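Chain nomenclature is as follows: A, B and C, assigned in order of appearance, with residue numbering initiated at 1 for each chain independently.
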Amino acid sequence: MPSPSSTVDATLTLHPDRALPAEPGVRAIAREIYGSVANLPIVSMHGHVPVEWFAEDRPFSDPAELLVVPDHYVVRMFVSQGARPEDLGVRPLDPSAPPAESDPRTIWRRFCAGWKHFRGTPSRFWLEHELVEIFGVREVPSEATADAIYDRIESVLREDSFRPRALLDRFNIETIATTDNAWDTLDAHGRLAAEGFGSRVLPTFRPDAVCHLDRPTWVDDVDLLGAAAGVDVSTYAGFLEALRVQRARFVAAGALATDHGHLGVDTTPLDEAEAARLYAAARTGRTTSAGARAFAGHMLFQMAAMAAEDGLVMQIHPGVLRDFDQAVHRRLGPDKGYDIPLAVDYARGVRPMLEAFGHHPNFRTILFTIDETVYSRELAPLAGVFPSVRLGAPWWFLDAPDAMRRFREAVTETAGFANMSGFVDDTRAFCSIPARHDLARRVDAGYLARLVAEHRLTLDEAVDTAADLAYHLPRLAYRAGDAQ
Amino acid sequence: MPSPSSTVDATLTLHPDRALPAEPGVRAIAREIYGSVANLPIVSMHGHVPVEWFAEDRPFSDPAELLVVPDHYVVRMFVSQGARPEDLGVRPLDPSAPPAESDPRTIWRRFCAGWKHFRGTPSRFWLEHELVEIFGVREVPSEATADAIYDRIESVLREDSFRPRALLDRFNIETIATTDNAWDTLDAHGRLAAEGFGSRVLPTFRPDAVCHLDRPTWVDDVDLLGAAAGVDVSTYAGFLEALRVQRARFVAAGALATDHGHLGVDTTPLDEAEAARLYAAARTGRTTSAGARAFAGHMLFQMAAMAAEDGLVMQIHPGVLRDFDQAVHRRLGPDKGYDIPLAVDYARGVRPMLEAFGHHPNFRTILFTIDETVYSRELAPLAGVFPSVRLGAPWWFLDAPDAMRRFREAVTETAGFANMSGFVDDTRAFCSIPARHDLARRVDAGYLARLVAEHRLTLDEAVDTAADLAYHLPRLAYRAGDAQ
Amino acid sequence: MPSPSSTVDATLTLHPDRALPAEPGVRAIAREIYGSVANLPIVSMHGHVPVEWFAEDRPFSDPAELLVVPDHYVVRMFVSQGARPEDLGVRPLDPSAPPAESDPRTIWRRFCAGWKHFRGTPSRFWLEHELVEIFGVREVPSEATADAIYDRIESVLREDSFRPRALLDRFNIETIATTDNAWDTLDAHGRLAAEGFGSRVLPTFRPDAVCHLDRPTWVDDVDLLGAAAGVDVSTYAGFLEALRVQRARFVAAGALATDHGHLGVDTTPLDEAEAARLYAAARTGRTTSAGARAFAGHMLFQMAAMAAEDGLVMQIHPGVLRDFDQAVHRRLGPDKGYDIPLAVDYARGVRPMLEAFGHHPNFRTILFTIDETVYSRELAPLAGVFPSVRLGAPWWFLDAPDAMRRFREAVTETAGFANMSGFVDDTRAFCSIPARHDLARRVDAGYLARLVAEHRLTLDEAVDTAADLAYHLPRLAYRAGDAQ
């Protein structure tokens, strides 16, 4: 069918107005707002990029390993259409199991052949952005173009200018945080600091593994924590001390935040004796799911107490039933696209924490959710009154154009803009970071443009707010540098 | 007030752009997309039209019996404004009770006098479509026009071209499914098959009545099942066998799907001994609500197991508290407009079923909901990874313009289009089927047009996707004909 | 940045098209619809303005006391940004506690300096409307303009034309309801009636304090009830009788409604013996939270039974966890911005009440919520069939442009317009009442204009519906005057 748009089918291009509102008047305003923030530096405070990438600065291996295999958004879409994760290169944990596809070109061809499946998804937007902006690809992915695109990307990957550290500059990333185990000794971060990347690549303290008594690796992980901290963790008191020591190590290494991914969001403290009892029992392998649940809630409260001491910003990412399919989890491990959000009693859950620390001048928590129902009902009202609370950006499945717009519409009227975290990406896909921030800036520009067009905001207020959302608010929310 | 639109008040007309987006640029794109799918055949895989209508092909009696009395959308609106269901012709179960209005013209006059109540509802859209397109009515319903419209419809109803079978052609219905009890012997479907309608009017296996131990008619219904299957159902094993036999009979009669309308969506299997114990107790009239609930969940799991064997697509329609007002239910029976949706713990509920069969190549389930909160939180993430799961179209109260748009916006970004069922109507109102499919095609065209206008999709991708949603995806979801 | 809109920064003005849709075609229709209802009288049936303001008709003291201190929307926004409520003039209950800021000019300066925080909130819309329309302010609030604006408002406050009663005329308020304790003797309303305001300022019966056995003041409040009614409340029977007597007193004083703000919405009646037992125990200070919860649900049922007798419209405002931070509550008292909405099992909760009275010709209940999830799932389906149920307007945090639009989109397709309450404000901020009604009329005009532009409604139907929503439906819902 002849039409301007459909020519995009012939050549892969990025329209300058993509993801901006369709209505011409609003779009014109959105263009002006977006233009004023498009080139602001990226503050990426919740990443999952391995720190080794930056510490070792090795070239990336191939297009499949970079863009397909580690991206569970991509893998799960093919699985939903009948492929096995192994067909996309996801390796089974058991070496004796049927092996995963190991030829990157075969994986890439499968990916390109399934390009149609990504219609209407943010992966389509991110991948198009990456292919065009980063790799200079001009063909729309398909079986026919797969090899040519593969060759193009592979040649780019060989360039020194495409090493991870060089990309930090190219992507205009001012700060990027990694996520690190509570027992990490942060050697890689140390090496980066020695080479002048100390204020640019920051660690994030993630203690989930040692806060859940019923995780199979809990005893070993707590031992790792004790060893890293040089503290005897045979007692609950020692366990808390080890956490304090490691938090201090993270602070010294430039960490600004902790991250907590519990299933629920209960923060009810136990009395110390009960906590110690549950801890001691678990050390000897005796725990119950009820006890583990209670201890996990207790530990969220303890982490808040320590945060009020050491000032690390407490990120809470609750409400996801991880590894929904346990057989898949046993075969392939975590983070393979089988995590399903659930409803969480959010306000009641965080109440003990906020009653204790919600007004503490040194306490800061950023609340995230994948349950849109708590946006206007619970999180915006909480962020709109508690000085310690910031409302996190749309997370995970909601990091998408329409979902991000719904978020703004649901929370702004109650919480305003100043109680938001600003945009926070959450990805393992390093090359998608610029695309994700660009998309968020476009969606926010479109939302603000509507407020201007409806005479609810002036244009210069909208431009000022767009800069807050894209850059200043994340720095404030995480107390980054001079913004602190 | 003089205005182009208000002339619609004088003459009832259907605007060619109705239910398309208002913004001129988006509307122009939507028109092109809609135009490309407007005339595709209708695949109606979840109907509640009585099979006898097609088997006997008798003329319809009168306008009230066709358009008012059986349509609970219409009846409940009048009830909410103070009428009794009996005033709209709904007959009480007890012959000695005050009788329902029996004069179709009186019922019709009441309906036309209340036309204003349907402003902003899909019933208004459907009924206008039916009046104009099917009956050639030109007057806006009102007290003044009621008789003229009645006479017009009545005269049309007398034409042979308005018999049920003729309407299948006129409505361009390629396939229509009926909903049939588990103990149905499908004689009517047999007669239809003998007359060449076998691939056009399909049965659907609905075992709810025999899966809920606490329903007053459970013992009798199970006996009917046993009799139909020719199997002794005095034991639980016999009960399962009878279900297998009847499922096979439905498959032989061309059935493609089963339908399950539980209050919850728990699918936890019981051990066989416990299931047999609950069954045996219920056969002797001894059951508890907890036992009935557990057995119902167990049976959903059993139905999934059988579906993985015989390939019938498993439709799940949970979360509706039927017969909310029990006095009305005792007086008038079920499906009288007193069914109220509730929140359901959806993902946790289907987990046992999906862990057991979610990757089975022969298993297919279509998940429906009337709880919009699970769209982005649970159903889209599930459909976006499990190959057996398709996400059903907006159902019941959500089969409406704005609700259908919200559905697309909530699920597409996570699940894409290929994991959708495409449009599935769910109605007792045979004449509303073309209107419902037309409305869905318009709303999808509008949604896709916005993606094109926002440069998130090309026009030819949108046109291709519109055909998928209107025709190809329903055939794929239900494994209809060559699409299998 | 030079731009037409940004000139609004120089002078504070109200754009005639504010809060109307941006798309020019839809806006033109919306303008016509809005223009037809902009000047209709205000029916304000759920206010929290103290009746004394009208009875005594004293001038307002100062800008801070009028616009900042009592408005928890305003105070909580500053608290979320680090201020203490006391900094905004909120007085601690304990006179020996650190005192609140007492200089109104200092409070006003703080408010103006934080004007930016209200971007995107309805407070911004309401306050702009009040400053321009009521006080003739022309400066955008800021540190620089704070004093000038303060002086301007103060001078206006000294005018006789700004006394509360004069404002009733100026605001075009036809009827305004106050909220009064169950034990109120309504002397102020009596004085108002004697002066001819009896049909204009109406009391509302609010029995929450005496329906919750576990409230610290319950025993005393019940004694007050008994004293007001002249009934011995030492027994449960006497308690019910006292409630009947006081309800009759409210009816005699012109009350049209009761209001019920329970945490949950359970309406399960207890048998009388159990209710009497719980009551007697509570009179001697012995109650449990479970017992109090059960009694509260029982009392909602009792209030419905009395409503079916005396015809008072029963407003239910559930699902808010009051005084989320108990330390703040102890320090400052209730209604200080620390109330957080929660999910409520709404349909199941009201089922006993609706099964008993849902079809009673004399019973009318208006259901409100701050949980958007029940709009399309539970409340619209209930309002769409039960003749006694009207669906209340978006309440509290949802009384905002985008939230009000979402409400219409979520409920209209299922419940239609005639089952709505029409707009009901809910405010302590007297001067914001015209702004709130104006905003609601604009948002409804925009919603209706879209239906017209999408050819789902004719323009004259939209104009007629707009008048229903703004004026006629509230009068019908509350059975006000001749509308009864």
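Rule of thumb we're sticking to: a residue touches a chain if its C-beta (ideal position, glycine included) is under 8 Å from a C-beta of that chain, and two chains touch if they have at least 3 such contacts.
Bear in mind that the values here come from a model prediction, so they are computed numbers and not experimental data.
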Angle of rotation relating chain A to chain B [CA atoms, steps of 5 degrees]: 120
Copies chain C and chain B - interface residue numbers shared by over half, same or different: different
Where chain B and chain C are represented by their mean Cα positions, the distance between them in whole Å: 39
Interface hub residues of chain B, defined as touching at least two other chains: 23, 343, 373
Chain A partner contacts - residues on chain C that touch it in the complex: 1, 3, 5-6, 8-9, 15, 17-24, 76-77, 79-82, 116-122, 124-125, 321, 324-327, 337-343, 370-373, 397-398, 400-403, 406
Complex contacts: residues of chain A adjacent to chain C: 23, 25-26, 32, 343, 345, 347-348, 351, 354-355, 358-359, 373, 376-378, 380-387, 389, 409-410, 412-419, 450-461, 463, 465
